[in-house]
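All remarks here apply to the structure that follows.
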């Protein structure tokens, strides 16, 4: 299992062509039969509720029993562990915090793969190392089932309102079956390619997002110190080549835009700690593929420093506040 | 004069309120009278031609006499030095390569200020340190004239077609007079605030642009190595929070977009060397104002390394090529 | 130590206290009985030869049979795979390129642990992720044997002359037994603490080394451009607070010192590619322990860029050449 | 040297060969005649006192009259401004906070050059941009006098005990005359080359020092988190290639060494704010000479961020504390 965490090529390069698609197709016909859901945290719970809303019977589990209560009251069946979910459902969605949890839930002693049925479709919406996604796919394939990675963008709000974006990696033949479930929970479902490419797309987007956010914060801070009005500067950037999502949609400077965390003490939004986690994944994949990512790497370090200095729980746009000179303390 | 290069607050903080706007207003009525133009390089020449096209008599000079020929054939009057321009025109546009040239042209032995008329309007479209703009404004004010900084975005093409964007700093009362001339040479004219804020806006935009371009290049490179199709990755980024001008309008990966330098061997466009110069200005202003700009600073260093490795003349989007592992050389 | 284990606590957090030290002590008495050696590459072969020189019978294997020839001629017994080595020797040294190789050699189908004897001492001198060392220690302990990590500093020359430095992690009671073998191959053997700390010490040293080397190169380059004689600048730094191993022992500027790679076209020494690998390990451990390492991270990226631009095989001090402006190409 | 001058060649490129050394030599014979001293701050005052101790009559001034009291009581003559100092003394030492102050003191309305005598020797011990030193040298030469830059390393303690190190730039013929005075105030006097190279040496040393200090802090922090004892790790680094002044003489980790600021809450020593200033000079010279200094640049930004977060007055080794995860705040 240790190998799971490393980029060993011989393991990961294996194709998925031996899956028996005859078996698979029988399952994907079975609309409105039970769907398994594992991981009922801040994101998972509203996602599972959206499956219920769309009429799918849900059978669920979570390592913390109290997380299951609300779903149980809404009619979901709660079981003890992932293996029991796999014993009853042939379509399962997993939503877990990090790679080790995914490994445990799939390959652990009470893991999905202990009881997975042939032809089952396993969709992992966790954000993890794409190399782990590939290993899970290989292990799943050995049991005659299918694995897809489908990480999301959009936070708890989008999960509740069913407006998530899913980036999906896996065999193309299975994409339609996955899409049927994912559209109950998200507004956009994008097919990215082979297993792991969903994770790759998510990691890439968030790395560029972090770079843009820190870059926007530095730039706005510099402009303000040079005498520019922040709203005017944002306007100029947004009509010019400096434009980016962080400048035109989620500006980090208090007072420039409404309805964004910078206007609310950097509460809510996407936490610095979560961004640091995603940038750590980007670093790991970049190191494993020997890709130079100098700005991505520095962005990671800046979010690490912020976590060390009390910003872990604030929205990631609080980097503007972190970089700004404290008028009282500074020189 | 040495002080020009330093951020000495007492000099730069002075307001411009003592200018006699009665004198000024008499000049700004005088449309279609002679306009001076100093600096007939790649950018200045097409700009001056656009003034001629709009019916303004032009009196011009350049340190290289051969640069003046074409303009002379088109009807402009050519004189020996900036002082002679100032002797005849009360509206002058300057377009020069860097701070020391601006200092020389304004305050040197044959500089504009030696013969500038009271109430004249001096517009500097060079991209320079805003602290220098402020010192030129102070020196100009002492002579009873008005100085505005109005750097441009857009390259030689935009200069020729009159589609430049001007970012203008200076006293607001003079903005209309400046706008009259600038609209002959540009499609957008934006008023940014006090003297120096035009430069500040330009520098800020280009710093964020450089960060976005390197970030996009790193991200696209990482995604490709993780198995994503570059066009698909660009599409995903552009519908998500990773979106920026470099990803959606000027993508650095060959084959993703048409009509951009990446599709043409990184010919044309905005040279790495020019970007390195602008990032150097950003660093200087950030250092002078004690503003932390970690990504801007690293972006500067990366473009410096590129200049040292043969990329000086290529478009700045060639950072994608610089970061990419050379298949033959790499490990 | 807890910090190291985040992300996979259940695996790595187990203590090593259940090893039966009675069995172990019987083995460590048995001097001059057969020693196993696995991995006969550039480093491993001279290390194994030094064991032979010191009178130890050696039983060895390598995945490339041709690597074994020379050792066989010198009297070593060659077997087919790690399991066969473990079947005959109760002290084994492994010297392998990277984490996946170590995992395979220990836990693979023909791995050491398939046939390891109770009480055996397994010493891994590979440079790998300390988390992998800990996993190997746990797996080894389950078989009733002992694992120590003992990575080396010093290159092929030090390996040949028996002048390596070993940094050793593992249970302290076993250190004397390990020392007996390691002193045949190295001049310094340093006990660092629990399993994984040998790797940690190696990784930390090399990260600081890389930072010092790039820093020295930048500094020497800047000083030269500012008009300083390089030898004089090196002398000033070395008597001041800028002093470091890269400035006083391994100066990267050609002509400053003799007998170092910079005097020889950056041939020999410690390759850029190997440094990039070690910095990758440093990044991975830093990410896993949530430690901010901004300069270490940028150093990693710079060595990655160098690998991408043809410097993979040059000594790591060639970063001076990489950063220096090419007189012909530069602006 | 030419590289230094880019950007303002006409000003800085002039040689110093026209100074009349006959005049100069008559002055340098005149031992124990009055020495001027301008700038009686934390550093300047003890330096001037050491000149008094060595029997030199001192004539001094400072912009803050209260700074002059102690020196006056010790027998120094206090005058109103630099011009008056120059009117009476033909050897003058200046010790000022930054470039604009130096420009003012030399070329301002009551500056030294208003009354400097032919053949005078002006020694500037301020730490400033070497380009400004060169401009002052040119301006001084025009008045028939000689300018040398002689910045110091060592803090207030070394200034008091006369143990400073001077790095001296200027015409070699004048070095002996300068040395006579400087050895009264310092233990080491190093001749570095042409005017500006004293500054260059100081800047280079401090840039490498900052890189080494941050690198040591990152490395020690990482090692501690990986389970290494900090004293043991320092010992290992110091016997290995990671060794540097910050690891073996000024270790930033509390408890590793005695008698350094890390053992005393980072009180005293060399302030973060001063280091940030020197790194700003390094950035400016690097930008002006188009030298890539990626780690130096990032070191600058890190010290800037620290100034913005309340570390301005702490010793620069407090970067260890800045980078370390706050146990209570961190994730």
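First chain written, first letter: the chains are A, B, C and D, and each begins at residue 1.
Keep this in mind: a contact is a pair of C-beta atoms (placed from the backbone, for glycine too) under 8 Å apart; a residue touches a chain by one contact, two chains touch by 3 or more.
Since the structure is predicted, the reported quantities are computational estimates derived from the model, not experimental observations.
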| item | value |
| --- | --- |
| Of all other chains, the one whose Cα centre sits farthest from chain C | B |
| Rounded Å distance between chain B and chain C, as computed from the means of their C-alpha atoms | 51 |
| Rounded Å distance, chain A centre to chain B centre (Cα mean) | 41 |
| Distance between the centres, which are taken as Cα means, of chain C and chain A, whole angstrom | 36 |
| Chain C: positions in contact with at least two other chains | 276, 290-294, 298, 302, 305, 307-308, 323, 325, 330-331 |
| Pairwise touch network: line, ring, star, complete, or other | complete |
| Chain D residues touching chain C - in the complex, by the definition given at the top | 1, 3-4, 130, 153, 165, 167, 188, 190, 192-194, 196-197, 200-201, 203-209, 211-212, 214-216, 218-223, 225-229, 232-233, 236-237, 239-247, 249-250, 282, 285-286, 289-296, 298-299, 302, 323, 325, 330-331 |
| Touching residues on chain D, where the partner in the complex is chain B | 7-8, 99-100, 103, 107, 131-132, 135, 276, 280, 283-284, 287, 290-294, 297-298, 300-302, 304-305, 307-308 |
| List of chain A residues in touch with chain D within their complex | 273, 276, 298, 305, 307-310, 312, 322-326, 329-331 |
